[in-house]
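What follows is a pair of complexes built around chain A, which joins chain B in one and chain C in the other.
On to the complex of A and B.
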């Protein structure tokens, strides 16, 4: 769609990725395409959504973009440089927040050390570490008394905030959120989405989700991935104008909560 | 709710207590559920939603016990023998639990587990059980190859639908669904919710849906129970509670859920007709 943007931050060109298929005895039989000729670009500072069903290749695409996995063919370019080269030049410039916050952190680490890890990965120095961690915790609205806690003492929403703080700690210009809010309670999801918007600054986000309502709330634009192919790129502001049949289908099967309630709810003393 | 017949499920002042410490975890929950009706239980994680279901099914963890009155049809579930409760689970009350990955035995194919359950619960012969299992799978749009698959070969969503298929095949009079759609993506979610709707309409079964997703609950529930930290803070007709929430906690739940749909509504120019 916008391959010809004047100054794209991220360009993905003709990406192909196959995984071996195994038969019942465990032998590799054929190669199954997971990503089929995926091309798109993201502007600097954009919140780009990646929407698709489970198994559509969302996570594989994000891993290729982060350079965690090499595509079979095609390029991933950040500011015109290959992802490997760019990440080597710009330490800590890419961060990722995963869905499962419990397995994303070391259960034996204190919250302070979990966040400090990200700080050091970004080249931060030991002397200013304490203040940096305190500032990060404030930025994701975590009470400072939690710094000496262990992961199991925190609620899900709090722990995901820790993961977000750790992702921010390396001062990245690009963050991938891989279903980062999907596992949280709906009431907490809204809070975390608000947080993501508030802390964005000039960072670029890739926000992976299967929930179109969430994509519409947070993203500027989202890509629809279906069976490894890019089905459509949708501008959130002009969603109703999109002619994509897959988008129609998705919109029609979305369960939308409705209520005549108009009052502003008093902020409930939530455990998160 | 003007039924004069005796309700299918009745809970009166149910408390769930930690046996050792005597600490109550769920306080004073009461409701009645009639045939063909659906009760939604909403609230945050840890509010006691799941425990209410487990108390009804007679599946509380050993460290907890329930007090009060829990009746399923004629049976007093708090005094029922384990055998009696086990007989009721399956044919009387089916359950669809939160973690689809742990609901099946990893060492047997789904076909084996389906036919075993159907033969045991419905006294069918092997061929009939097999046919019924295949029919059940087709009802939730799963291919027959699932019969030969092991649980680890299927996705969470597929296993969730397997559980639903089994409950449908057993024709339970009550289906307890604990977060039935949380693990599913949008298209499958809609499919499953439609399936539940038909379950009520076609089989006159009663349904208890537990979820923190108010959208899913709204699509199914006639009446509603709002749980917060072990207390039932609001109860009543689902539409009334959703449209005019009284308790601050319910207002908070409704408000945050509405906020989440705001972008979607705006993007579609508010003309999207909700389910």
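On to the complex of A and C.
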């Protein structure tokens, strides 16, 4: 991994994480490594993808980066400071959108309160909370009449938009999308991806997915994670130039529609 | 909030709630509403039957039974609510610590709970009261000692279950501290289960206080208490069996009301039990 950037926003250095392995009677037998010496960096304003199959350690890595879990060794540094210190110093600068939108919102809260929680985390200066929530809902294209609804009255796509609005509300400089679009159906997925691109501004994204097409659509660069190790770092603009055999394997395993049907060939097809 | 609406729709639940509120009010306002002093002895007028002067008659010392019943609310209902309050507070503090801090704190607290829960609680309460001596404070203390592990364990389970919810992870990432997360997310979520269990258990504690007073280990005379009144009535059961009815029926009604109310609260607080799930899409 190159740490070539002079002033990287996020640096992950030699991250190791183990989980205990237990046998059938519940005794700890061994420590299984989940992350093995993961190092990378992200520039300010970059959309960095993190791609890997289930069990490759993507979610563990995201939890370590967000400071929800402590790594066994290694560092996560934001602007040169450890994540917990940075998060404390810059309240609301860090945000996250999860895959499972149902458990992402408190079922007893109204949509307005859910978004307001994010808004207050960022200090909530300037406009009144009501106006801010209305503006955020408009930004993620949610009809304003939903503000007084409860989560179970919304559809999956709407609820994920609520989560995105809440993540944006604190005016963060870094957002992790942990499989944020994977649970949505395909037509909604592209809408949400468009939305993410439109609202990006100067924020830095870490976009975690198992879907190489999603990663290629949105990201500037993506990292391939396999069995807890970084297998490759791929620049989306030059995907075909990558020599990684794992990337080739992944691309070959995607379902490719004929170009007559889709109308627009993917970057890989056009170069192959 | 939908909780009130669904509780209002539950007629038996509302009836129980109103009944218990009335009983509690009667106990609180006892000096203003009862016609006689509950400790006033009038031996010439003992075992008077129901009538206009003494609505429920008088007992073996000529004391007014209605006045004693109303005053007895203070000991029975008041002290059982106190017991539950203390128990639930201990449970919240220890259970949330165990569920949040995990690791060694959780292991220690849970093993302690296991040990405490392996004693049959009635036997333990009898043993503790036997050691400390009779008295209402000792009964309350014994009940708290016997009951806190159940609440600690239950609240720790609820905490663990919700601590992994994504909305709590979000709050943490956004920079909110543990006190905020407990106050805003965990307590309201856990409140439902705590209230239901505490309501059902209040009935059990009333029975426990009454039973110990019946055995002479709880309230000491002349303080009126339902269980003790029942105990005094049992001595003259052959001659005046009707003396057992007022305290017995009162205990029955209040405990039953708590049990029904617990069931209604369980339904009303269940977020997936809304009678109509209207959709605004």
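Keep this in mind: the second predicted complex is superposed on the first by the 253 of 272 C-alpha atoms of A that agree within 3 Å, B and C clash if a C-alpha of one lies under 4 Å from a C-alpha of the other, contacts with A are read in each partner's own complex, and residues count from 1 in each chain.
The rule we apply is simple: contacts are C-beta pairs under 8 Å (C-beta built on N, C-alpha and C of every residue); 3 or more make two chains touch, one makes a residue touch a chain.
For clarity, every value in this text was computed on a predicted model and none was experimentally measured.
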> Which holds for A:217: it touches chain B only (first), chain C only (second), both, or neither?
Replying inline: first
>> Taking the superposition on A as described, I'd like to know which of chain B and chain C A:253 touches: first, second, both or neither.
In response: first
> Of chain B and chain C, which one touches more residues of chain A?
Replying inline: B
> Which partner does A:237 contact after superposing on A: first (chain B), second (chain C), both, neither?
Replying inline: first
>> A:96 in the overlay: touching chain B, chain C, both, or neither? Say first, second, both or neither.
In response: second
> After superposition on the shared chain, which partner residues are touched by A:8: those of chain B (first), chain C (second), both, or neither?
Replying inline: neither
>> Using the touch definition from the top, list the residues of chain A that touch chain C in their complex.
In response: 66-68, 87-88, 91-96, 98, 100, 103-108, 114, 117-118, 121-122, 145-146, 149, 152-155, 158, 166-167, 170
> Tell me, which parts of chain B touch chain A in their complex?
Replying inline: 44-46, 155-157, 185-191, 193, 212-216, 218-219, 242-245, 248-249, 251-269, 271-272, 274-275
>> Could you list, by residue number, the parts of chain A that touch chain B in their complex?
In response: 53-55, 156, 185-191, 193, 210-214, 216-218, 236-237, 239-240, 249-251, 253-261, 263-268, 270-271
> Within the complex, which stretch of chain C touches chain A?
Replying inline: 165-167, 169-176, 184-185, 188-189, 271, 277-281
